[in-house]
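I'd like to ask some things about the structure below.
Think of it as A, B, C and D in the order they're written, each chain with its own count starting at 1.
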Amino acid sequence: MAEMTFGSDNHAGLVPEVLEAISSANIGHASGYGADPWTEAAEARLRDTFGDAAFALCLTGTGANVVALSLALRGWECVLAAKGAHIDLDEAGAPERITGSKIETVATPDGRLTPELLEGALRSREQHHVVQRVVSITQSTECGTAYSTAAVQELADWAHAHDMLLHVDGARLCNAAVHNGCGLGEVVPGADIISFGLTKNGAMGAEVVVARNPDLRGPIQNARKQATQLQSKMRFVAAQVDALLTDDRWRLHAAHANAMAARLASGIADVPGVSIDYPVEANAVFAVLPAARIEALAATHQFYIWDAPRNVARLMTAWDTTPADVDALVADIASA
Amino acid sequence: MAEMTFGSDNHAGLVPEVLEAISSANIGHASGYGADPWTEAAEARLRDTFGDAAFALCLTGTGANVVALSLALRGWECVLAAKGAHIDLDEAGAPERITGSKIETVATPDGRLTPELLEGALRSREQHHVVQRVVSITQSTECGTAYSTAAVQELADWAHAHDMLLHVDGARLCNAAVHNGCGLGEVVPGADIISFGLTKNGAMGAEVVVARNPDLRGPIQNARKQATQLQSKMRFVAAQVDALLTDDRWRLHAAHANAMAARLASGIADVPGVSIDYPVEANAVFAVLPAARIEALAATHQFYIWDAPRNVARLMTAWDTTPADVDALVADIASA
Amino acid sequence: MAEMTFGSDNHAGLVPEVLEAISSANIGHASGYGADPWTEAAEARLRDTFGDAAFALCLTGTGANVVALSLALRGWECVLAAKGAHIDLDEAGAPERITGSKIETVATPDGRLTPELLEGALRSREQHHVVQRVVSITQSTECGTAYSTAAVQELADWAHAHDMLLHVDGARLCNAAVHNGCGLGEVVPGADIISFGLTKNGAMGAEVVVARNPDLRGPIQNARKQATQLQSKMRFVAAQVDALLTDDRWRLHAAHANAMAARLASGIADVPGVSIDYPVEANAVFAVLPAARIEALAATHQFYIWDAPRNVARLMTAWDTTPADVDALVADIASA
Amino acid sequence: MAEMTFGSDNHAGLVPEVLEAISSANIGHASGYGADPWTEAAEARLRDTFGDAAFALCLTGTGANVVALSLALRGWECVLAAKGAHIDLDEAGAPERITGSKIETVATPDGRLTPELLEGALRSREQHHVVQRVVSITQSTECGTAYSTAAVQELADWAHAHDMLLHVDGARLCNAAVHNGCGLGEVVPGADIISFGLTKNGAMGAEVVVARNPDLRGPIQNARKQATQLQSKMRFVAAQVDALLTDDRWRLHAAHANAMAARLASGIADVPGVSIDYPVEANAVFAVLPAARIEALAATHQFYIWDAPRNVARLMTAWDTTPADVDALVADIASA
C-alpha cells in the first residue's frame, strides 16, 4: 500500500523535517523522561505558541485525551461530547477505564456542539446522576468541519457559566487553525485544556496536553506517567514537536491537506449522483458516491465507507496528498 | 549531557539499525494501527523468537506492563512482586489505576523472588482479601541480577500449582538472555505473559507484550488500545522491533552492555573502600563508593546515588558504553 | 410525609414480617459476613426459588448491579442497555467507575429492548471499540412495562448467539413475576446473572445477586466485598430475604402493588385530558395529566413529574397503597 | 452460636434502642435517599457531636472508607497507612479498585503511626511515583491500642505540613473516645475526614463519613452514591445513628466493651504461659496463650487465632459481653 490512499491522514509517513529531527537528536546520552534539552526547546516553542500553560508531551491521541480528562475530572463527574466523538467511539473505553468517568453524547448535525444543543442535555446536579463537568469538542471535528473561534469562545463561556470546563480534542487542531486563519494559540479561545496533535501533521507520534487552566496544571506529569504516556527517550518526541513548530511548519502541512480536500470537494461536487455531506473546512470530505461503484472505488483508493447504507465515503487528505492524486480520484469518481 | 553517562541505559540513543529502519519505513502510505507490512514482519520475527503467542507492540514499558497485567487480572485479584519492582515503585500507580488491582510486595535479598519467599506471603483466598493471582518477576532484575532459567521455571511451576500466573517484566530481557546464554524464547520458561522491552537495547520506544498462555491472548489488542498504547503510525514501532530481532542484533547490544558492566565491576572490586552489592549479571553495578567522593563522582559521571545513607551508586552500562568510558570511571573511582 | 404518597415504591416502609424477622434475628452472637444460620436459610430458599446458582446478598440495587456487571465484564467490554436504564442514568456512574466498563444505550419505545433494536446497535469487535459483551434489561422496566418470559428468552438467545451475556436488573422482579403469572425462577429465562431486589417489596435493604451462569459464580463473594456491599451483621439482611421468600410472601406484596396500579390506571383512563403512556404491567402508571393541575396534584400526592414539557406524572404504587389512597388520587385527578 | 463469643465485636447483635429506633421509623411513607426527617435529625446530632462538617450516612465500614478516600484522593495519589490496616488488608482491594489509588504501608510496633515512622516512608514527589497525599490512621487501632488526642494532632500537623490530609478509619472511634475520656468530636483533632462507625457499637449497619475539611465536602453525596452506599430507605440507617448519639448512648456501650477487655486482660495477665502483646486500650486483647490449649480454647470461645506461629489469640469484647462471660474465659485460660 505504498501508493497514495484516502483512508486516513495517519496513513501518511513522516514529513522530512521530522525524520531529520529524530536523526539529529540521536547524539550521545541524554537524561530520560523529559529532562533533556530537546524537551526544553519544545516547551519553549509551545509556550511561544500557546502562551502560559503546562505542557505534557504524549505518544498517542488517546493518551493525550486521557491525560487531559483525568486532570479535569473526578470519578463522579462526566464529559459531554458530540455523538461520534473519538473519545466516545474510538478509544476502546480508555477514558472511562482510566478516569472512571462517564461520557455522555449529544447528537449534532455536523460534529459541532452548540450551547443550544448542550442546554438540551443539561441535568440537575443531584446525587443520583454523574455531575456534568467537562464539555469536550473536537477541533476540527470528526465530520471535517471546524468551529469558528467565536463559536469556541461561546462554548467556553457557556461551560464556565455552568461550572464546567472546556476540553478540546485537537488531533487536527492545525487544520482548524488554517481554516480559521489564525494561530494554534488562538483557535480554541477559552479552552481550559487541549489535546494538541501533531501526528496527523506529519509527526511519527507526538501529541501534547496543553493545560491552560491553572487548576489543571499541577499534577500534569503524574497524570501523564500514570496514563502510560511517558517514554524514557522523550527527546525523540520533543524533537518532532520542535521541528513542526519551528517557523510554523505545521501550517504548511495543514494548509496543504486542507487545500487538497477543497480541491477534491470542488472536483466531485457536480458529478451526477455525488453529494457532499458537510461543509469541507479541514482535510476530510464526506461524499455520497454512486452505490454501484463505491466498493470498487474504495478498493482502489483505500478509503473507508463511513456509512454503508447511505454510500458515504470518508475521503481524507494528508500532508503528502498531491494534486495529481486528487485529480486521479476525481476522475475515477466522475468516470461513467 | 552529550558525553557518556552511567545514569541509565535509557540515556543512550538509538542503535544505527533502528534509525535506519525508521528511515526506511518512511515510504508512502501504510494502513495505521498495525495493519501494515512492517508489523506483519515484526510479528513473524517475534513468532520465530518466542514461538506460538499473541503479540502487541507497545510504546512504553509501563504501558506493556499494564496491558499484560490487565489481561491476567480481574479487579479483585492482586499481583505479588519483589519489593522495589518497577510496577510497584516507578510506574506512578498506573497498574493499580488502570487494572484496579493491588500489588503486594515481598522483600528479597537481591531482587529475585523464590518459591520460599512467596510461600511466606501466601494468604487464604477468602472474601476479605484480594485474591493472589499473578506472580510478577523482573528479568533481569532491578538489582542487576538475573534469574537462571531453572529458577524461572521453578517460579512458574509454583505459580501454576497455586492457581496463579507468571508475568515477567522484561524491560531488560535481552540482558538476561545473554547472561543465561540462551535465546529470548528460552529465558523465562513457563511464563504466561511477558513485557518484552527493546528500548533499553537501542530502540527509540518499542516494547512487546507476549501472551503465551492461550487464555490471555484473545483481547490483547483491545487491552492495548484501552491502555493508550496503540499508535496510528505503528509501522515505525514495528520497524524497530524487526531491526533488532533480525540476525539477533539485540544480542550484540545486550552482550556489549553486560560486558561493560563486568569490566566495571572487575575494575573497581579491589579498590579500597569500594564494595559491590549484588552479583553483576546484567548491565548494572550497585557499588558502595567512598562517602567523601560519591557526590563528586556522581556529578562527573551522571549516575544515581541509589541509597544515600549507604553511599550506594547505581552504575548502568548501555549499548554505547565504551571500554574507555568504563576505564575512565574506574580510574576516577580508584584515584585517591 | 407519613401519609400515602405515589412518589416511589421505596417511600413505603417495611412489611411487618420483615421487621419481625429482623427482631427475631437479634439473639445473641452470630458470625459475621454471611457465616451465620440466617444466611444459610436464605440461601436455601434462594436455591429453591432460582435453582442452581451462586448467591450474594447485597445492600443496595446499585451495589447488586455493580457486583453483577463486574462479574460479567472485563474493562474493555461494554454493556448494552435501554436508554433510561437505572444503571445508566441513576447510579451516579458507579458501574463505570467500579467496573471500568462503558454503558451504551439503545432507545426503546417502552423500556423494552428487542433483538431488532439490539441489531441496530451492533458493532464490529475491532480494537478501537469496546467489545459489546453484556445485554442488560430491567424486569419490570423503568416504564412500568414487563417483558414476557418469551421475550426474555429471545433476548437471552440473541445475546448468547452474539457471544454476549444477559444481565437482568430485577429491582422489581417480583412485580414482573406477578404480571407473568410465574415464579421468580421463571420470569427471566436464559438470564446469566440477575440483580434481584426485595427492597421495593417491603424489605429494609435486601438485594441478591443471582449468578446462574457457572462462569460467573466463582468470585462472587470477592466481587461483592470489593464493591463495598458486604455487611458484617449480614444475618439481618438474610433474615429479610428469608421472610419474603417464605410462603412466597413477596408475591402478595407485588400482586397488591400491581393491582393498585391497575386500579389507578383504570380509574383515570377516561378522565378528559388524561392519557396513559405505556401498558400498565407492574406497579407504575405514567400518565399525562392536565397541565393546569399537575403541579398541585404532585404537591398533594407527592409524585414525580417525569417529563415536564409533556406533563407526564410517574405514579408508583407500593405494598401499602390502599384502594382508598388510589381512589382519592383518582378523584383528585378527575375533579374539574 | 447464640452463646457469647470473643470472635469480633460484630458478632454481637443490636442494642435495644437501635431495634426500637428501626421499629419506630417504620411508619408510613418517607422520601428516599436521605430526604427524610430521620436523616435530618441524625445530621443535627452529628453536627452537635462533630461540629461543622458534611456528613454521609453509609452502610459498611469499607464503604465509608472508600467514600472518604475517594473524596481525598486523585488517581495518581496514594495513602500511607499502618501495615495491617483494614483498608489495606481486609477490604478486598475496594479502595484501590474504586479510587484507583495505591495504599502504601508502614510497619508499626502496635498499630500506631508516628511522624517518625512516616518520615521514613517519605518520598520525593516526582513523576514516576504516586504522590503521597493521605495519611490514614485507625482509631482505635487494629491492635486494640488507641492514639492519644495529642498524638493525633501531631499526625495531623505533620500531614498538613507535608501537604497531606489526615483520614481516620473510626470503625471503633467510640472505644477510642472512651479511652481518651473525651467526646467523638475531640478524639481525632485535626483530622480532615473520618469514617465513623456505629456498627460495632450496637447498630445493625450504620457508618458515617464526616468531612471536616471544607475542600472535601462538596461532592460527598455523589461520592457516596457512586460507591454504592446510598440506600433508598435511608431513614432506617438514620434512625440508628440518631438512637446511638442520643444522650451519648454510644458511650455506655463502648465503655462497657472497653471495661470487659480490661477485666479480661487483668484476669489473664498473671496466668503462667500467657502474655499480652499490646497495651489494652480499647475492646481487644491480643494474648499469647499456651500452645497446647489455644486450639481448644478457640473452639469453645469462638475467637480468632491471629498469629498461629506465636499462638496469639485476638479476644474481642462487645457491648453485650458480660463479666460472667469474661470470667468464664479467664477461668478456662487459667485452668491447668
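Quick note on the criterion: a residue touches a chain if its C-beta (ideal position, glycine included) is under 8 Å from a C-beta of that chain, and two chains touch if they have at least 3 such contacts.
Owing to the predicted nature of the structure, the values given are computational and were not obtained by experimental measurement.
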If we define chain centres by averaging CA atoms, which chain lands farthest from subunit B? Would you check? C
Pair with more cross-chain C-beta pairs in contact, given B-C and C-D: C-D
Taking the mean of the C-alpha atoms as each chain's centre, how many Å separate subunit A from subunit C? 42
Please work out the Cα centroid separation of subunit B and subunit C, and write it as a whole number of Å. 49
Could you tell me the distance, in whole angstrom, between the mean C-alpha positions of subunit C and subunit D? 33
Considering subunit D alone, which of its residues make contact with at least two other chains? 75-76, 91-93, 97-98, 100, 127-128, 130, 222, 225-226, 230
Within the complex, which stretch of subunit C touches subunit D? 1-5, 7-8, 10-14, 19, 22-23, 25-32, 36, 59-63, 66, 91-94, 97-98, 199-200, 204-205, 222, 225-233, 236, 302, 318, 320
Can you list the subunit B residues touching subunit D in their complex? 75-76, 78, 89-93, 96-97, 100-103, 127-130
Could you list, by residue number, the parts of subunit A that touch subunit D in their complex? 33, 70, 74-76, 98-100, 126-128, 130-131, 219, 221-226, 230
